[in-house]
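Two complexes, one shared chain (subunit A), two partners (subunit B, subunit C).
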Partner chain A sequence: MAVLRKPSPLRVAGKYGALAFYVAFALFPLYWLLKIALTPDQLIYSEGTKLWPGAATLENFRIVLFQSDFLAYFRNSVFVSLTTAAATTLIAAGAGYAFSRFHFRGKRALVAVMLVTQMFPLLMIIAPIYKIVAAIGLLNSLTSLIIVYTAFNIPFATFLMQSFFDGIPKDLEEAAMMDGCTRFQALRKVIVPLTLPGLGATLGFVFTAAWSELLFALMLINSNDTMTFPVGLLTFVSKFSVDWGQMMAAGVLALVPSCLFFVFIQRYLVQGLTSGAVKG
Partner chain B sequence: MARIALKDVYKKYGAVEVLRDIDLDIADGEFIVLVGPSGCGKSTLLRMIAGLEPITGGEFTIDGERMNEIAPRDRDIAMVFQSYALYPHMDVGRNMGFSMEIRRSPAADRTERVAGAARTLGLDRLLDRLPKALSGGQRQRVAMGRAIIRDPRAFLFDEPLSNLDAALRVEMRLEIARLHQRLAATMIYVTHDQVEALTLADRIVVLEGGIIQQVGTPLDLYERPANRFVAQFIGSPTMNILPAERSDNGIAIRGGPTLDLPGIGGTGEVANLGVRPEHIDITAPGQGDLTGVADVVEHLGSDTNIYVDVQGVGPVMVRARGNVPVKPRESVGLRLLREHAHVFASDGVALRA
Partner chain C sequence: MTLRAQHAPLPGKKGRAEGTFYWRYVMEPWLYLSPAIILIGLVMLVPLAIGISYSFQSIELLRPMNTGWVGFENYGDLVEDRKFWKSLRNTLWWTFGSVGFQFALGLGLALLLNTQFYGKRLIQPLVFLPWAVPTFLSALTWAWLFNPVIGPLPHWLAALGVLSEPYNILGDPDLAMWGPIAANVWYGVPFFAITLLAALQSIPGELYEAAEIDGATGWQCFTKITLPFLAPMIAITVMLRTIWIANFADLIFVMTGGGPANSTQILSSYIFTTAFRKLDFGYASTIAVALLFFLLIFAAILLAIRRKLVRI
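Now for the complex of A and B:
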């Protein structure tokens, strides 16, 4: 092994400089969102692109929360995203487990078909989806969004879950079954606790995808009562003007659940839980 | 109490037959070792007994009761895995008591049994640790503790020592031998290591190509191998096999002398003569049966391994007791001990009186 030399200060500075640049680059849009949200209406156009607003106000937040339908949109979005995430993760976990552990006829074909579903641009199938949803009378309902989102997220979520199950040694279930478990008990008591990071990651992924989905929500939902938040944001754009401040305030508020959700699941995302199970 | 019997058991994966004609009677309390090269089907056989692998055909019974279709959990058999398979999210105590937890045994009873097993295995102070905080040897002990706590009808071991370093392996081997003496339970042990097989087993089952080659006590296999495969698989260093044929007054080594070997039965054709390295004496050149040139000499202290090139016959390995002062390229004579010689037919079957 080479002798470890003390890295030169220049290199260290360069490394942190690059990291700082990247962080600034990635976070700047967020900063801008917050800045506009806090800028009083009359200053938005007069101050132009000044980095720091001349004055700050919470007025935009007040209007969004109490004088718009934002809370209803928000509630709809939370309901749709949570239900989609839960349903998708449950189904994907079951399918992923089957793909990981069992051999059955048609498995390869099934995997291939699931891959194919991921190859089409969504735009192509909007019209048929609309016709189907209309035919079963689910237009303007949150149920239609949940069904469509769940269907579109299952393939990827299944592959994700399968890779997590693949990472858990088969010996563990077999040991549990020798210890007196049924296959289902082995799954519940041994495999599921070890898959929590995977479940967390899948939940988070699906939740965010459903939370920010616009295309289908726009097509399938017209009534104000069932609008989700991304569609609702568009209501801040009226025929003659755009309420930038309110729109940005709504955007900031929309970030809150995503952030909370990740704070909540991040402890399950910690890897390395299976270390020590088998020879390491 | 467990008498385990396999009758005409076979296993197929699709069209591929991985095990066939498995007939085996294991007495209560017997320590059976399944041994063979990798891919011989020994682990598959063990997993079939465990219930983790379906039995394609034949009958498997424990105490006369048919087990083929019984789920692993209802067979009352414990298994120690090669990878240990400890539950990573449970501490040592819960790992060991897991089977009782599943069976809803009273907590007090469970704690007591876990403590007892932990004491015997020297794990008492590790009960609160997670598996990842244990060394290889400790994990191995926990895996054994998990098995003994259940007091099962039989124990299965799937190459339990192959992940340990040499010193620890010897120590754990002794521990398993003690465990067997103390519990007097039926144990089936899979290994590819013949030293483990010879030291632990009451009887050894040698498998090769999915077929049982021979079943017998360690000494049986060493002294009376049924065929050339067993002869070469058991014993270290491996047996010398010399091309030979039957002649009027004994067995003629091809390119060498004729040995007078009384007691070679039958009139079947002889293809090979087998002599273990430890059954050849070093003599002065010209004396003895063969003369050759020492190629490589290994001094092990207790023994000396000498690889001898015999003109016209080929390489012969000799293992002499103690320190023998032979140098490379020195000419040596070899005397084969006739009472320990083996003769094999061309299909490998050993010929005997």
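Now for the complex of A and C:
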């Protein structure tokens, strides 16, 4: 590799220049979001496009947190995302375990169906889902969102969990079973402790996916009490389209949980993105 | 060896042993899979079948009297719908424009991250961060960046001479599509970089050392070792990503809503606006079936190409 050859200073400069470009490209939009959120209202029009704000204020955050419904939307979204993540991880752990440890008739077909569910246009089922949810009286309820999101994320989470189970040698549980454990005991005492990081990563991936889902939430929720954060923010944007500072402060809030989970699942990104292979 | 012999089922011993054998190897996996199968079946597969049946019905929530089976009427409307054909063209532009830039920039980033440099542990998470930003927020942020009142991009583009004056390109039918594409590229580069980086790291280092000894240049190493090794991963990632992006309506819906004058309407956003704004479920399902049909053709072509390449 290039390590063996002595690189010319020009190439080194080019490399760091390219890296700087990527970092700037990745961070600039987020910087801008934060900058406008911190700019006082009266300065936005006079220096809206300056790179550095002349003054900073937390006023926008105060209004968003205490004088709007965003805190309620935030709570709704946290509830939906956490419940979805927990349910999906539990169900996907079972399915991933079956895929990893058993050979059975119909396995290939099942894997194929799960892969296909990741590729057909999900919007195709938005109308039927709306009708079904309306028929069972669950419109405007967070329960319907949780059920729908859980189902959407199961295939991807199953493949991810399977990859984690595949990484644990089969011998371990066989040894435990030979020592007199039932399979379930072996699972609980040997496999689960070893899979904890995998369970955590799956939880994180599903949480971020559920946190950012917009279109089904728009369709199924229109009462202010049960709006999730994306729906609430979009409604706010269409109603108060010039309260730039407050919109962006709310945007920064939406970013917080995603960033927290990102720090947490960062180590597993490669596994997560390649095992599902199709997950955005 | 002795352990394995003990573990194998003994021949000739029937009854209870066979019952547990049956239980363990035939029924047990289905027990673990059943919640997943039930949920996917009820929430995805059954609605999928219902959705296809909707495309042969008239279901408009705003005109409840006008409900019933209509045969291929929706498909007839679809063929004559100029908005549909325009959305199809836009879908191609949106998908291949986004995938092209995402792939080029993602490959560049993956190659950079595969080398040693100062501060790598900090830089790597930073450049991957856009992946974690919720899509609706990416869309809003980029819409704001393109707004001349609070965003710098129109002013920069005008200063570079790309725009005659700083105006919002999201309102210009000729340029509007570049807005969502820019947001999509920003959001999607980390995905390509991460998957390609994983593939790069699986290339054996000895190959490069051997090439080095034989006097290969850096460019030769790239075209003769790196690219051939990456090719399968590139092929599968690009194909899956293309399908995913063709289905991806969030960015366009939030940034432009398909406008101005349908210049950014793609098939998936057209499905959503028809279902969500017009509440015309029959026609929305018809567009969805058409999109599914085009995706199947795309997948079939790719599989055929792959078979041909593998044979050679």
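Please note the rule applied: the second predicted complex is superposed on the first by the 236 of 280 C-alpha atoms of A that agree within 3 Å, B and C clash if a C-alpha of one lies under 4 Å from a C-alpha of the other, contacts with A are read in each partner's own complex, and residues count from 1 in each chain.
By our rule, a residue touches a chain if its C-beta (ideal position, glycine included) is under 8 Å from a C-beta of that chain, and two chains touch if they have at least 3 such contacts.
Predicted, not measured: the structure shown is a model, and the values here were computed from it.
> Can A:Cys181 be said to touch subunit B (first), subunit C (second), both, or neither?
So A:Cys181 only meets subunit B here.
> Compare subunit B and subunit C by how many residues of subunit A each one touches, and report the one with more.
C
> Just to be sure I read the superposition right, which of the two partners does A:Arg75 touch: subunit B = first, subunit C = second, or both, or neither?
neither
> Is A:Ala18 touching the first partner subunit B, the second partner subunit C, both, or neither of them?
Once the two structures are laid over each other on A, A:Ala18 reaches subunit C alone.
> If you stack the two complexes on chain A, which partner ends up touching A:Arg62: first (subunit B), second (subunit C), both, or neither?
Neither partner.
> Quick check on the superposed pair: does A:Leu234 touch subunit B, subunit C, both, or neither? Answer first, second, both or neither.
A:Leu234 sits against subunit C, while subunit B stays out of touch.
> Which parts of subunit A are touched by subunit B and by subunit C alike?
Looking at subunit A, the two contact sets intersect at 174, 178, 273-274, 277-278, 280.
> Which part of subunit C faces subunit A closely enough to touch in the complex?
3, 6-7, 24-26, 28-30, 32-33, 35-37, 39-40, 42-48, 50-51, 54, 59, 105, 108-109, 112, 115-117, 123, 125-138, 140-142, 144-145, 148-152, 155, 186-191, 194-195, 197-198, 205, 208-209, 212, 218, 221, 236-237, 240, 243-244, 247-250, 253-254, 268, 271-272, 275-276, 281, 284-285, 288-289, 291-292, 295, 299
> Could you list, by residue number, the parts of subunit A that touch subunit B in their complex?
Listed in rising order, the residues are 169, 171-172, 174-182, 185, 189-190, 193-194, 273-280.
> So in the complex, the part of subunit A that touches subunit C is made up of which residues?
Its residues touching subunit C are 1-5, 15-16, 18-19, 22-23, 25-27, 29-30, 32-33, 36, 44-45, 48-49, 51, 91-92, 94-95, 97-98, 101-102, 104, 107, 110, 113-114, 117, 119-132, 147-148, 150-152, 154-155, 158, 174, 178, 183, 208, 211-212, 214-215, 218-219, 230, 233-234, 237, 244, 247-248, 251, 254-255, 258-259, 261-263, 266, 269-270, 273-274, 277-278, 280.
> Please name which positions on subunit B make contact with subunit A in the complex.
Counting only subunit B, the residues touching subunit A are 50-52, 71-73, 77-79, 81, 83-89, 98-99, 102-103, 130-134, 136, 139, 146, 150, 163.
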